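Please go over the structures that come below.
In the two complexes below, chain A is the common chain; its partner is chain B in one and chain C in the other.
For the complex of A and B:
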């Protein structure tokens, strides 16, 4: 099989996240969650903070409720001597994309990528999330986040793309409960029940990337990045076919360089709503033999702005743990699977 | 190799938390350009408008660029569409939030106006979810005084005389035809352990710093992790409420929310016993007489007015002592 040949081999060699919490005790700056998570990544990799060449984070000041919250988060790093650092206003999976490019271009050999978000600090998370929509014609209507997802879920039901039973099976598997319990749940945002919608979760996540021999020194089986791609669909919600997500397909096409996806042992999908798993699986062409999101994913816990990076982390861990040879990590951002990233990871040797 | 522990437990600090509601808000004023401008001006006149793209598809609300060719579209491609249309998808909002367009239960929907090829996000006033279905006809109703906002209208089932509760909204076109869009967040800020120790100190008339664990420096405000090397900080230390102006600026410009009449001085003040300057006002002296090295003292508000914030110190003012030599604060600049 042909894949794109990156200029350098880059692998994920460490991954940790803060234990998911409905309401964490700290600030919205992430520091209290990030410092222990970084410590775990240093422990796993044997790297000292001074051996990290590049730092890149993903978060949102809207969620933090304060400007430049990501600058405060740097206190978890210790920035003396000076560090090379960058930030994306979005899920940290996109920070991983930037860090990967930075290593590929030879500007760094190692990078620590992190994301954080304290969603529980938002007293009105719907209003916060509505701020990511078109500010002229959508945000002022104040649509709730689950309500917006419900429009997508119903579009698929009406089109016969999935049934409420399909959604219930996904919800039951994720939450580890019986189908009957899901079926009896009342509507959260008709046709979605509370089991189909992500909980409010505070979290933080970090991974360490290393190039070539550095990665081999750290891990017996590093999770090599075989390809990364990301693409975005239109912000014009009413012009999109909400039952599809062409940008998922395009992200995968970029990750493979246009080749077939090939055998995948495990896919960690960033699908906060049950019906979105169906869309992403279909766009990626993942069959029944692929283990889907064994970590539970965002439907079980949705640490915003680190949930996508966490998916990639779990896809990497499956490789170091020896349970998988080839895995896929997916991240999504924006409303209704608008912006998608696909990471293909593989163990070698 | 150590066993990976992927999910790291985050310990809550000992003692009572300190938190407060924050309500950042701003009425963001946006230019509309000729295309969105035509849409919002249309709403103000109770007219729904879209735009025809290069393939002949009509988008409502109008888009500025052709979705396929990415060519700029022109205001001459604006077309009026009907005030009624078809429900493409919907959900029921039984408990509208504070930012929802309708205060009473309603449907949130994608609605394709007759004459358009795309759907618009909007609300439908109805008695219950049983009144809503995909494919049903709905028609626009206008608020009494449209202001050029997406909230100038709402939809109802065709023929319905439904009169919903309208939520208050202050957005719309301003006198210069710019679109005012209020942005509001409602956040509970919880202070970290060091931050709350500092804030409780201020309420008690003390300034608390914290010493680095890998060095003698005392940082004010105190941190939990050292910004210099990322390790946990050491002991808390009370520092003096006197110090030295390391550098300063004179505020001459007026701005929204300003509490003091310009010109006035905002300065970096290195408190005695600390190694990081804090920022505060220097008053009680003409702005043009403030200088680097000047000795200043905190002016605390009366004890009964002290709060868990920097507002417990209203400003700093000169002590009258001789200036500190530059060498004594140079490394803190």
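For the complex of A and C:
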């Protein structure tokens, strides 16, 4: 990787997400949730649809149950006349990565990044997500998604890296309940209880990026992207140390260029299972003084394929609405924290 | 957007690789298929794994192979473990969009060398089934892509007055060209216009031979920054400097839409020619690789892209202008009509354009090619991606940068 300082500064200047829903009305890909979210971003930024130079989205054909399911999102934009646009198959946090590079490359000054997914449309979410595994040795076994996470949680317990009490404390904080209630819960996938696992959530979210002076025109304190990095680990679950996620560390290294992470006021972590918060915190070296995922994160609501972008959106909002100076947004994709992205955001002036 | 915003870093194609394309590659897995193209591209670029800073993946719907986001389970085989990976999916244009996303990685100044890979292994599943799942609030065509596009072709014939054998002439040109390309799926060196016209009518006016095959195949390219490109040139290896990239998308239907020549394609081309500093594409482009899955799209896209006036595309075909020995050779590789691994087809067009200006297009090299065009489209003719590459860096950019430097 080259160490060239980006020629342009880019900031997040707007963020909105649809109400988290157990079962939204509408068609299987959930595009109906997008138009109100776009409208809110236009209102926050004062930008018109025609002032967006680049559009980039993230979603999943398998979740929607059909090929090219993202094409109908074009109708939600109202892409007439034509727009400069791209799409990633995966969490929209990676669409943000593509949009950031497109702005740095000079092909856009503004971008709207969005993600959407309707998990409730899947008749069998376990079977859907098992299609993400190795098709020869793992998919045919049909492991449930919570059961797979339980293997990871168990590996950490066996290695003495966390205790069931540690998991309970995370679940209690996230759900705003007493430890005793978590302790009394029956196992969903031993050692995980329902409080340690993500709910099924339909959702959509969007952020607007703007470069340099455009960002300053929109916000007094834009959430400047101080660094953005991502990396993937091996898919060989049997060969990986499941209690670690080296790609979280590598993503942070890519974001900082190898420098220290520096002081962080708040970190929004995309950790759908309670024990994963411990892994990501450890990989990032986040101390006890860092507020962790005050939005509630994926244990409270897990809008698949937009949850990662939503974490970054909340980390940005903490800067321009909440007075935080330096925040971190994290997104994850693939089974058991395989693919990770880290966004470092800062307020200036 | 400020048109003076030029990429802070120049990018160039350092190497390309592709598999042989055929109906069923039963001898390799998806990972094995990709690795053939990757290894060839890395060798062509003289790059080792330590040189690669990021991997960019493109393919059409995962339902074509039956693995959800297969780049995840293939992370090791793709050389991506421990590195950044991005998966692009933009309908049939995806191979082109993937090359453009990879270009943006380098142009951003964040990455020195990146590897882009795209593929389709259609034999793993049934593409017709995958494309026939019902779309809410849309009338089912139920006849695949050919059924969707046939009315647009009929409309083109009616409005342009094109002779009815125009499509057959394109087929004969491309299949004979494909016969000289060892990677091509179909090799028909002796095919004639009479044979094509005598063939079975599938979707009037599209006959059997006027359609693309279903192929297994993969394409890979290595893109580097100007430092990497100059290193290669110093070592005597030609590179393909990326002069301009362009992507446009529009709704598949709207009132007044021109389905023969969609506005998104015209907008994308206008932006591309402007960035490349090209005023007269037909005179200034030496060779074009255009996404032509059904024969009639050659004349239709020639018009849409501004290589000629509206209604004149068929005349270029009739005159032989788009033949390998014409003044604007189109698809000397044999094009999509000779090989169609869907997710890779767009990148193949981009890579074949690069091979031409690098002087490494082997049997189908167009002599003296200095500037080439690569193109892909997808969806209901609503997704477009394209680039211009040259044997030298873009003069328009160089002179603009000089002006900017003076102003500073």
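Convention: the second predicted complex is superposed on the first by the 343 of 349 C-alpha atoms of A that agree within 3 Å, B and C clash if a C-alpha of one lies under 4 Å from a C-alpha of the other, contacts with A are read in each partner's own complex, and residues count from 1 in each chain.
In the analysis below, a residue touches a chain if its C-beta (ideal position, glycine included) is under 8 Å from a C-beta of that chain, and two chains touch if they have at least 3 such contacts.
As the structure is a computational prediction, the values presented were derived from the model and not from experiment.
**Student:** Return first, second, both or neither, reflecting whether A:126 touches chain B, chain C, both chains, or no partner chain.
**Tutor:** Touch partner of A:126: chain B, not chain C.
**Student:** Quick check for you: in the superposed arrangement, does A:335 touch first (chain B), second (chain C), both or neither?
**Tutor:** A:335 sits against chain C, while chain B stays out of touch.
**Student:** Examine A:27 and indicate which partner it touches, taking first as chain B and second as chain C; both and neither are also allowed.
**Tutor:** both
**Student:** Have a look at where A:75 lands relative to chain B and chain C in the superposition and call it first, second, both or neither.
**Tutor:** Both partners, chain B and chain C.
**Student:** After lining up the shared chain so the two structures overlap, which partner does A:184 touch, if you call chain B first and chain C second: first, second, both or neither?
**Tutor:** It touches nothing on chain B or chain C.
**Student:** According to the stated criteria, A:19 is in contact with first (chain B), second (chain C), both, or neither; which is it?
**Tutor:** First partner only, chain B.
**Student:** Given the touch rule stated above, what does A:104 touch, chain B (first), chain C (second), both, or neither?
**Tutor:** Only chain C; A:104 stays clear of chain B.
**Student:** By the touch definition at the top of the document, which applies to A:65: first (chain B), second (chain C), both, or neither?
**Tutor:** In the superposed model, A:65 contacts both chain B and chain C.
**Student:** Using the superposition on A, tell me which residues of chain A are in contact with chain B and, in the other complex, with chain C.
**Tutor:** 27-28, 62, 65-66, 74-75, 78-80, 128, 131, 135-136, 138-139, 234, 236
**Student:** Applying the document's contact rule, which stretches of chain A touch chain B when the two form their complex?
**Tutor:** Residues 14-21, 24-29, 31-33, 35-40, 43-44, 49, 62, 64-66, 74-80, 121-124, 126-128, 130-131, 135-144, 147-148, 150-152, 154-155, 158, 187, 189-192, 219-220, 234, 236-239, 242, 313-314, 317, 320 of chain A touch chain B in their complex.
**Student:** Using the touch rule from the top, collect the residues of chain B that touch chain A in their complex.
**Tutor:** Chain B reaches chain A through residues 1-2, 4-10, 12-13, 17, 21-22, 24, 28, 30, 32, 36, 39-40, 59-61, 63, 67, 88-93, 96-101, 108-110, 112, 117-123, 129, 134, 149-151, 167, 169, 171, 179, 181, 183-192, 195, 223-232.
**Student:** Can you tell me which positions in chain A touch chain C when the two form their complex?
**Tutor:** Those in contact with chain C are residues 1-2, 4-8, 27-28, 53, 55, 60-62, 65-68, 70-72, 74-75, 78-90, 94, 97-98, 100-102, 104-110, 128-129, 131-136, 138-139, 229-236, 246-247, 250, 254, 333-335, 338-339.
**Student:** Quick check: in the complex, which residue numbers of chain C touch chain A?
**Tutor:** For chain C paired with chain A, touching residues are 1-2, 5-9, 29, 53-54, 60-64, 66-69, 72-76, 80-91, 97, 100-101, 103-105, 107-112, 130-131, 133-137, 225, 245, 247-252, 254, 263-264, 267-268, 379, 382-383.
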